[in-house]
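You will see chain A twice below: alongside chain B first, and alongside chain C after that.
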Partner chain A sequence: MTKVNKPKWEFSSKNVIFLLLLILLIGFPLISSGYYILLILIFANVGAVYAASWDLTAGVTGQFSFGQVLFFGIAGYVSGYLNLNYGLSPLLTIPIGGAMGVLAGLIVGLPSLRLKGPYFMIVSLIFPGILSGIIFMYPELTGGETGLYGLSPISDNIVITYYASLFMMLISMFILLKILSSRIGLVFRSIREDPDVAEATGINTTKYKLLAWGISGLFAGIAGGFQTHQLMTINPFVFGAVYSFQAILYAIFGGAGTIIGSVAGSYILTTLNELLRYITDLRAILYAVVMIITFLFLPMGIYRWFAVKFNIELGTWNGLKKLRREPYDPDS
Partner chain B sequence: MTPILEIKNLNKRFGGITAVKDFDLQIEKGEIVGLIGPNGAGKTTLFNLITGFLKPDSGTILFKGKNITKLKPHKIANMGLVRTFQLIKPFKRMLAIENVAVGCYSDRFKKEQKADVPQKAFNTLKRVGINPPETFKFASSLSHGYSRRLDIARALVLEPDVLLLDEPFGGLGTKESKLLTPLIKKLQKEDDLTLIIIEHKMRQLMKLAEKLVVMQFGEKIAEGNCKEIANDPKVCEAYLGRGGNGYSS
Partner chain C sequence: MLIAEILISGLILTGLYSLLSLGFALITGVARVFNLAHGSLYMLCAYFIFYLKFMGLGPSIVISLILTVISGLIIFQFFIGPMKKKNFGAAIVTLSLALGIQELVKIFCGPQYKALPYVVNGYITILGVRVVYQKLLTLIVSLIIIVLLELFINRTRIGKSIRAVAQNMDVAKLVGINTRNTFMISIGISALLAGIAAVLFAPLNSVSPMSWTIVFSIFPVMVLGGLGSLKGALVGSVIIAFTEKIIEFTIGGGYLAQTVTFAVMLIIILVRPSGIFGKKIER
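== the complex of A and B ==
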């Protein structure tokens, strides 16, 4: 059978849309370099990475956690502490914070090996509480209630900070999407569907679950470190359940299990939240109404709806592309 | 020749219930063994014990001469002792071909063997009779008959030495069952598999199995070829009833 050589990039509606969105994001400071608007977009970028990190464990691997903020906060504190006490630049402290996130991820991952479903959710909810307790215990190290403040910003220029956050978001998404479509992503999804059957298929589920937690901790940590430096402060209230739910809301709103849905969720919900700021009284109610309507009509998330419209395959294993590029021989 | 699978004095209790009691079994390479017994006899428990999903209270299981009694399920699967499930549990939100591909990435295969996984998964599905468009459909949208075959393909892709089939005919109609029997026989011959089959559909099982093992209340009450078993008074009493003689022909 003759090989069909497809061009690497197709001129299709979905590719055009993705390209236009990318150009819009890169060129945005040219349209408006207003401090406030760029700040919102920076929050959206950080939120996207943070939500995607939750999506990797919950949406892709099926380890539903309510304590994602643990990695975010621990990395924020570590990078803030190193910056404040040793004067390390954010370029160094953010990756170190990410590494701490990995460590925290592996520690949280341990109970997930034994506890299933709701039992693990409860345990995961407790972890951030423990950490905030520790922070209150050592105020001379952590600043106690007031936290750490006076940290170096990412940059004094908001446009540069914006590009830094965009760069971080795009690189993180690229890596996470590569993982999703790789053999590791395939195995992660099999563990989500049924850990016992995955185990019976020769998959070391322990190893892969911990791997998922490590990767999740890394990206949540990077997002946490970035946010801490960008705000130039961090306090123990970051460990509140609200911040864990933020990741969950963004990811599910965008489409859990798709990774890229987190970007859509984060951008839409961050913007919505800011738009509603003008209607102070009804803000929370309207936010909830939008949520309810979305989940009612698009329960699988914004991105899945978009993907169906534009015929994009979701989280597809990259092996399929190989098979389709070299069509199977029906006679062999 | 040492048996490929040897079970010695296996015991398992759940609280006050003895699920498997003093169980001994030897299986030679290339054999097709049928495991039968009334509901609750401990057949599936025995499978769970062999494949590491349950830990026995006492006794040893030797596979290819190695003690696998305390190993984790994935380690046992990677040694070439693979099972299917009574209640088929495909990875529902994954394509049929993805379901099969998972096994190709297990530690059973070395790195260089993991290169052409898509084609291998595709071919394995083809061997069990799943062809496009079903190959590229979500497992949740496959019919029950196809799901059974998918479960066999998922196990088969690990290139097992011993394959444990837990009620492969469960829930299948007469027509589907008639098609599955020659398929299992063909796969067994091609791959030189050793099969242990739990099954209640005696008509199909007798066409496949050379040896039958009968369990009741966790104990082995009889072992032998189909004719011997069908005429064994103890078995007739426990399981086949009086009409059991007719099945041996």
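== the complex of A and C ==
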């Protein structure tokens, strides 16, 4: 890649839109500091990081997995356990949880080196199953069915918690987008397009696949640790299919392979989910319906759709130029 | 006594696994997609029987099976069909569908377990183990179905076309096989097998909106036998069913049995991804 000297800031529609959204998010507690509405936004922030972590391996690197919840859950359990038994503060346990996520990511990444397509999908589906089996087997350590509870919260003040989650989300997004636009991101995308060709051009695909899994595990782990402390509890049902599903849904709805799409997906769907709060029975159905519709009719995701529909140059970060030529399909 | 217990319950579990995994393997082999809503077909058939049992057991079973086949066709036509050749897309769409059906059933039928009537009542004592007639029937019917399916796939013209499509879809099209019809027939058979499994097994452990998760328990079977291989599905069912039962009766604990089979499956998939009978698929 030849380096082009780009101006640091340009007054384009893309930058203006992002700046306005950023200001809105930062200033939101000034508009409304209601507990409930901030709680929703906190969930949206955590969901965005979680979905983006899935997107890095699936959308960007092309390793579709069903088991993202594994990193989320492991990190949640580790940070919860450390907090409960050793009294470590969330500031310390969340990064440790993230580190455990990296470890879990590398373990899940190992089969992805050998397996492709359906085989890897099955393997990723059963990893959380194995883990929840282990958790039920050692109830004295993990709390069994009730899980761990009574953990320290991030902060007693909801506004501070909100800013903590926003900070986490922005930093994660910044790092992930930097990775995506760097040479590493290019390598990830080349592995998605054709691993064999990538290998032939002299890329060590083993190293880069594991790197992708490690990064993915880190951010999923951070999100898991944050969520655990924020809810002050974690139980084995976190390993259910629905939680993995959530990451996939947010990322695909937002736009797989764009990273930033996860934020859009997370904010839109979390809000939608809360609007339907009073018809609790319908929430899971809503997830299912949105997922099916997205996959059948909008596989490119809302972010790319928005960019094409209103002809806004949202940037070349995410292969948007390619989209102009041919419709993007995350799973071809 | 213990050995007899393991033998009998293992055989019966083999029946369940083989019926379900044969249907699953048929779709995987022919359409090359994962139908994770396969378990939903099993669950739906059980619910159909529960709500139609007022018209007598025989007619209710027949009508339920027909309804199940129709549901299978609908699922294929509208959800799997557009996703053909997209592994991940089809899997996630059918998984969403399964979750959606679960919630709908929860709303309309309630979350509690529903008991289904036995097809036959009474029990017999074999080798000192009490065996309900329903379980015996299960075993016999499973065997008959397996033999019939084997004959159908290997001896009839339609079976031949199914095998042809499974082997190579493009060439099958070239020699004039209507692949669409073949897909429809396969999904019909697949749904029918899931329905029969429900008729036989749902009375033994009742049915709830979560019953569709039974599809996850046949994954080890599929992996062991090789994805999309019918012969492999059978052999895999025997091995996995007996492994589970042996662990359950000697060491104890349902969680452990499941975890161990999952772990075994993980090792198999890493060492020999094509399974025992699977075609050498690129990985």
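What we mean here is this: the second predicted complex is superposed on the first by the 280 of 332 C-alpha atoms of A that agree within 3 Å, B and C clash if a C-alpha of one lies under 4 Å from a C-alpha of the other, contacts with A are read in each partner's own complex, and residues count from 1 in each chain.
The rule is short, and it goes like this: a contact is a pair of C-beta atoms (placed from the backbone, for glycine too) under 8 Å apart; a residue touches a chain by one contact, two chains touch by 3 or more.
Since the model is a prediction, treat every value here as computed from it, not as a measurement.
> After lining up the shared chain so the two structures overlap, which partner does A:Ile248 touch, if you call chain B first and chain C second: first, second, both or neither?
Second partner only.
> For A:Leu296 in the superposed arrangement: first (chain B), second (chain C), both or neither?
The answer is second: A:Leu296 touches chain C but not chain B.
> Touch check for A:Tyr287: first (chain B), second (chain C), both, or neither?
So A:Tyr287 only meets chain C here.
> Quick one: is A:Leu275 in contact with chain B, with chain C, with both, or with neither? Answer first, second, both or neither.
A:Leu275 contacts neither chain B nor chain C.
> Touch test for A:Leu24: chain B only (first), chain C only (second), both, or neither?
Touch status of A:Leu24: no partner.
> May I ask you to decide whether A:Phe136 touches chain B, chain C, both, or neither, giving the answer as first, second, both or neither?
A:Phe136 sits against chain C, while chain B stays out of touch.
> Is A:Arg189 in contact with chain B, with chain C, with both, or with neither (first, second, both, neither)?
Once the two structures are laid over each other on A, A:Arg189 reaches chain B alone.
> Now for A:Tyr119: first (chain B), second (chain C), both, or neither, which partner does it touch?
It touches chain C, and chain B stays clear.
> Looking at chain A, does chain C or chain B touch more of its residues?
C
> Between chain B (first) and chain C (second), which does A:Ala200 come into contact with in this model arrangement: first, second, both, or neither?
First partner only, chain B.
> Counting contacts the way the document defines them, which residues of chain A are shared by the two interfaces, the one with chain B and the one with chain C?
Dual-contact residues (chain A): none.
> Once bound in the complex, which stretches of chain A touch chain C?
Per the stated touch rule, the residues are 64, 66, 111, 114-119, 121-123, 125-126, 129-130, 133-134, 136-137, 241-242, 245, 248, 252, 281-282, 284-285, 287-289, 291-292, 295-296, 299, 329-332.
> Where on chain B is chain A touching in the complex?
By the definition above, chain B touches chain A via 51, 53, 72-74, 77-78, 82-83, 85, 89-95, 97-99, 101-103, 105-108, 114, 117-119, 121-122, 132, 136, 154-155, 158.
> Where on chain A does chain B make contact in their complex?
Against chain B, the touching part of chain A is residues 183, 186-187, 189-190, 192-194, 196-205, 317, 319-320, 322-323, 328.
> Help me check something: in the complex, which residues belonging to chain C touch chain A?
Touch residues, chain C against chain A: 28, 34, 79, 82-83, 86-89, 91-93, 95-97, 99-100, 102-104, 106-107, 216, 219, 222-223, 227, 253, 255-256, 258-259, 262-263, 265-266, 269-270, 273, 281-283.
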